[in-house]
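Before I ask anything, here is the structure I am working with.
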Amino acid sequence: MRKHLGPTYVPVLIVAASIVLVSLLPLTNFQVRMATLLFIFSVVVLGKNLLMGYAGQISLGHGAFFGLGGYVVAVGAARYGLSPWLLTAGSLPIAGIVAWIIGRPILKLRGYHLAMATLAFGSIFAMFLTNAVDLTGGPDGLALDMASVRLFGMTSRWSWYWVCGLVLVVVMYLLASVLDSPTGREMRAIHDSETAAGVLGIDVAKAKLHAFVISAIFATLAGCCFVMFDRYITPHSAGILRSIEFVTMTVVGGLGSPIGSIVGAAIFVVLPQFLTVFHEYEQAILGLILIVILVLLPKGIVPSIAARLRPRRA
Amino acid sequence: MTTILQLIVSGLTVGAIYALVAVGFTLIYRASGIFNFAQGEFFMLGGMLAGIGVASYGLPYPVAALLACAITVTFGLALFLFGINQARSASPIQLLILTIGASLLARGLASAILGKDFVRLPQLMPWDVWRVGGVVIQTQALVIILGAFLIVSVMGFFLSRALTGKAIVAIAANTVGAQLMGINRVAVVSLCFALSALIGALGGILATPITLTSYDTGVMLAIKGFTGAMLGGTGKPYGPVLGGLLVGLLEAFGAGFISSVYKDALALVVLLLVFALFPQGIFASRSVERV
Amino acid sequence: EIKIGAFTSATGPASFLGEPQRLTLEMLVKQINAAGGVNGQPIKLIFYDDASDASASRNFAVRMVEEDKVAAIVGGSGTGNSMAVIPVVEDANIPFVSFSGGVEIINPVRKWVFKPPHTDLMACEKIFDDMKAQGLSKAALIAGQGGFAKSMAKQCTDLAPKKSITILAQESYGPRDSDMTPQLNRIKAIPGVEAVINADIGQGPAIVTRNFRQLGMTQALYMGHAAATLGYLEAVAKDGEGIRIPAPLLLVADTLEANDPRKSVLVKYRDDFVAATKRQPDAFGGYAHDGLLLLVDAMKRAKSSDPQKVRDALEKTDGFVGTVGRIRMSPTDHLGIDLGSFEMLTIKDGRWARAPGK
Amino acid sequence: MTMLQVEQLGIRFGGVVALDGVDFSVGEGEIYALIGPNGAGKTTLFNCVSGLYIPTTGKVTLAGSDISSLRPFERARRGMTRTFQNLQIFEHMTVVENVMVGARIHEKGGLLAHMLGLPSVKAQNAATRRHALELLERVGIVARADERAGDQSYGVVKRLEIARALATAPRVLMLDEPVAGCNAAETAEVEAVIREVAGMGVSVVLVEHDMHMVMGLADRVHVLNQGKTLAVGQPDEIRCNEAVIAAYLGATEPADA
Amino acid sequence: MLKVEKLRSSYGRIEVLHDVSLEVDQGKMVALVGANGAGKTTLMRAISGIQPITSGTITLAGASIQGMPPARRVSRGVAQVPEGRQIFAPLSVEDNLALGAWVSPTKIERNRARVYEMFPILREFRKRAAGTLSGGQQQMLAMGRALMSDPRILLLDEPTMGLAPLLARQVMQIICSIREAGTTVLVVEQNVQAVLRAADRGYVIDRGRISMEGSAKDLLADPRVREAYLGV
């Protein structure tokens, strides 16, 4: 029987082991690409899970942070010739500061109001990306020069697999650590009762802000990885539909479950590749699958299945 | 002066459409605590089905409209009965995602079956526009505004006077308590979904002559309607209506006076400012939360 | 069998481009195979819908190369979609024929990338030339915010000074906006505007046209070539009378001289398309038509589907006639068409008609 | 020494005057009971003192310093905490984790240390958990430590709230109906805990309708009625106070003896 | 009137009621007592149909009601004052009461007047949102609401919780008078002494099993009960 409902490092080990094991398989470039994308999106979803699943704050604006990372790197490298790696390092504190500034007023809101406010923020940012054509290339996007993203002569098709896999494992470790710490308990507490947390001496606003900033930085980091990996970015990657997709990944995989986050990301990265056989009905089937998952596994895939596997006792 | 009047007319035209979406949202929200992302799809289905009924099948307008409403209401009911009602232990956010699934499903089916072209519908009035002084008013806009007003009045009365209206609030506030009073949750919430779908379908049918509808109309409308509902607050029946109208007006004035590129941003910035002052929306009833 | 990979934006905001392209490709492949295929081998079309997302285009490109092992790729409804797959085809050394408008796709020339369609620039050029012929020089621009609209608006703005046209106002409207009166009202208030140019796809142009008439505006109204569709024609009804639009010849194919080599191509494509889909074809379907047939033509000339040979043959294309007109490629030009393939049309009595000339 | 002092506290909600100029002070280690009819304003008083409501008038002093303008969490960090009449637990966490949250203000390490999962953080976790288990033992629900808090019955949750409040090591502990939903035997257990805590110098403010418990436990009893002080005094004085009997206790002595 | 036989019920995979059987005769008042977490609330919820059961039978006046949705049970005359009150916070006091008579709306006016007489404070606050009431006031509202439908059987889960002593005694009297008027009552109370004095029969539930049953007098005299629940 599990002693804690709380977090452990087991998922980190499982994921690290899987990354290594998968690399032993004879994968095609395409499969390696899918795996890499899965790692990248998982990083965003893990952050969202911290914010939504643990701290209980909905955000429909994380596409903006993903885009922030992506565009800082893309614009900096394509327009000003800076190194993407430096830009990545620089964009994380920028994202942290941005999240801090907008988070302070916004996080006073709750539930759907918070969702709306973050949606508003995300939409405004996406509008900017679409319309500032001279800077961002507008709706058609911005390309990154191949040479600029080479590091230590990284060229093999596996290199990004390893880089993004490493990022994923590190992020998972950080997440597991923070959850198994006073800060993590703080966040989980405000999810259930801000009032009670307050009279126990927890600065609710700060705890929310911590969760928000961490998840924003994770999303930004993922955005940086994404643009370096793809060497192309369009506002689509930062739009509100993306944000909504991130929320969907988080919920479908399972709120409060790190492995669930990866499963959720996989649903959206990998599943559509299989659905192409349905041609025009692709989208309808994806919708249907979402509905079926939530009807049969209402708590999200991983937590619902885990609950079924738990032993019966009297 | 005419410019301002013209902008007001424009804003109200668009705003009335948003208001209808917002009202539909609120109805379901009140009964089940979830925001139905597929609300825009009700709208789309109403408009698409009626339009295609008229254009491709040569049905008379009223028949096509009636059929469109019937199909949309069936979809709304199915969404509740086979989706939301089955996912028993899910939380509102999980149900929100379920409605996103429903929205994808509706959009996917509509694009595959009804096609991806935009559809049209004839105006309800024999003439196109009215010119009052220098101001141009689309007659169909008057129909929409009138329709919205009617729907909202009926709903407002229903929600605040009829016992069923109170049962709706009761179910959302405390499902267990409501069940213990003998309120049939499934029946009442089904009613809300059906009504909400009906409002959506009617809205779609009324608005299509102006907006032209295609399979992907729903998402953007849902977001605008959501904005309206949040801006006005969901506490009072007229809150979402005024919120929707306000979004329309802000967009019109933004486009007219500030920048048409960032006009949508204006509405959102105003929303953020409103939230700073009234975290529950403008027309929400204010009270100290009891602990 | 020869595998040809294809991807368009059959859904999403750009589905007004991608859907007719998908339909065209499917129809053509059937026809080609019915006629015995290419070099005696049937074609297998591997089609993916990128839902207007460039990153999805990239995924599918890799998949087509790696999993499906295609010999060549066609597609890319939006410029962003095409741009996103270029690195893939360059890495894999596979020819790619794009359907999108942006000049940056073939400028600079890339070894493996070709693109038969008009650029937005050409539509602007056509409009400006027509304006000058009408004696107009001051225009206002109103555009949507999609890739197509933004790109055309930018091309027109950049080109205007060169054609001594003054752009007095630039207005924009959001995705799925349903009333453009405020924007048009602003244009109306600016003195001296002689022409209004609207760049967009989908329902936007129809709404702009209607609001334009409702406001009683009297300037010349130009639409981008994307509005040259039956949907637009029907939606604007009598409000469309007199608008001007640089359209592909497709719409007025019947009026071409009988000995014009383009006529048979256009009429055949149009009739086939109508027969197969019960819809009217438009410029974008035409681009897919040209793209695929251009590739097939190159394969025939190369007598092989070997990527390298096909690429070389593509570059030597000369005299291929598509819906956009005659195409002649060269090592320095992977576009290969000229302005002649646009025709200035108008709507008269509810039908497309050639615009009255100078 | 006076630990908590409340002066002229007043608050109104629309037309309802919930509190109207209430004064009292509680000494170190004193058990101070607040009683009064339903709606008298007892919970509202707790809400004002703990900072959840902003009173219209009045001043709250904790160990000599004015805390009237502090937010709830700041008051808690200065040593004041409470339990709730309408339960407020962290239902998604385990019972023991709930108590660990209570100990948060005594835990160390910044966000960075927590994210990196340093060994010191892990050691501290273990220590906090041990302490939390001790507290659960004290309120008699340690057997439930690793179950989900949201799955517990009403009475268990009541006691969990007490343990969680104790984990903050408060100087002033405010308990809002701590034994509602407990039978006599369970009440006796809670009583013992309160006595023990007060014995260690914690000032306890107790709202409770169980007169048997209040009269046996309290050092002083404060009776509120319609937001005003009706009487203050030793339990014995209050028991015989005519006004209190009329408004609250009722003519006959409580039956339970 | 009410008969529960071999009832089993679980939360997820954890069973909390094991073969519980209990009987309440027409017009009688039966008390159910037990420690925290024994399963009293779960049993009450199972009878109203809020809590699913895994096996066993529930019959009301001879007709089986298990498997019936809660709403149907209410129309058959089951009413409950639930644990935690479960009032409708955003609705006014009078609307809360009106919904209490959802299954028989014609009785609203008459029964509401009766409830106001029992709890005058509710009349005074009839326009206020129920959520702003004090804990005890909400408890009165829950009680009043359950009486609105003139139930045949009333299930009370700690009806005096949070009530001032004076009022608690009044409520016990009200319960008795309701029983006098012919309504059957099943009551869970932690004030074991008071409830066993008023009741006809009693059951003791211990960790999901009925451990004792008998006439209320006998139980009150039983040393085991006195030790475990009266703290004597």
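A, B, C, D and E label the chains in the order they appear, each numbered from 1.
Here is the rule we use: a contact is a pair of C-beta atoms (placed from the backbone, for glycine too) under 8 Å apart; a residue touches a chain by one contact, two chains touch by 3 or more.
Every value quoted in this text rests on a predicted model; they were computed, and no experiment measured them.
Visitor: Going by the contact rule set out at the top, which chains touch both subunit B and subunit D?
Guide: Neighbours common to subunit B and subunit D are A, E.
Visitor: Measuring centre to centre with C-alpha atoms, which chain is farthest from subunit D?
Guide: Comparing chain centres, C lies farthest from subunit D.
Visitor: Is the number of contacting C-beta pairs greater for A-B or for B-C?
Guide: If we tally the C-beta pairs in contact for A-B and B-C, the bigger total goes to A-B.
Visitor: Per the centroid of Cα atoms for each chain, what is the distance between subunit D and subunit E, given in Å?
Guide: Centres of subunit D and subunit E (C-alpha means) sit 28 Å apart.
Visitor: Quick one: subunit C and subunit E, Cα centre-to-centre, how many Å?
Guide: From the centre of subunit C to the centre of subunit E is 73 Å.
Visitor: Using mean C-alpha positions as chain centres, tell me how far subunit B is from subunit E in Å, no decimals.
Guide: Their C-alpha centroids are separated by 42 Å.
Visitor: Need the CA-centroid distance for the pair subunit A / subunit D, whole Å please.
Guide: Taking the mean C-alpha position of each chain, the two centres sit 41 Å apart.
Visitor: Quick check on subunit D: which residues sit in contact with 2+ other chains?
Guide: Answer for subunit D, listing residues that touch two or more other chains: 13, 52, 84, 86, 88.
Visitor: So which bits of subunit A are touching at least two other chains?
Guide: Residue numbers touching two or more other chains: 127, 131, 195, 280, 282-283.
Visitor: Of all the residues in subunit E, which ones touch at least 2 other chains?
Guide: Subunit E, residues with two or more chain partners: 14, 132.
Visitor: Using the touch definition up top, name the residues of subunit B that touch subunit A in the complex.
Guide: 35, 82-83, 86-90, 93-98, 100-109, 111-112, 219, 223, 226-227, 230, 261-262, 264-265, 268-269, 271-272, 275-276, 279-281, 291
Visitor: What does subunit E use to touch subunit B in their complex?
Guide: Counting only subunit E, the residues touching subunit B are 48-50, 69-71, 73-75, 79-80, 82, 86-91, 95, 98-100, 102-103, 105, 129, 131-132, 145, 149.
Visitor: Can you tell me which positions in subunit D touch subunit E when the two form their complex?
Guide: The touching residues are 13, 35-40, 42-44, 85-87, 144, 151-156, 159, 177, 180-188, 209, 211, 247-250, 254-256.
Visitor: For the complex, give me every residue of subunit A touching subunit C.
Guide: Of all residues in subunit A, those touching subunit C are 28-31, 33-34, 37, 127, 130-131, 133, 138-141, 143, 146, 226, 230-234, 236-237, 272-273, 276, 279-280, 282-283.
Visitor: Subunit A touches which residues of subunit D in the complex?
Guide: Within the complex, subunit D touches subunit A at residues 50-52, 71-73, 75-77, 81-82, 84, 88-94, 97-98, 100-102, 104-105, 107, 109, 111, 113-117, 121-122, 124-125, 128, 146, 148, 164-165, 167-168.
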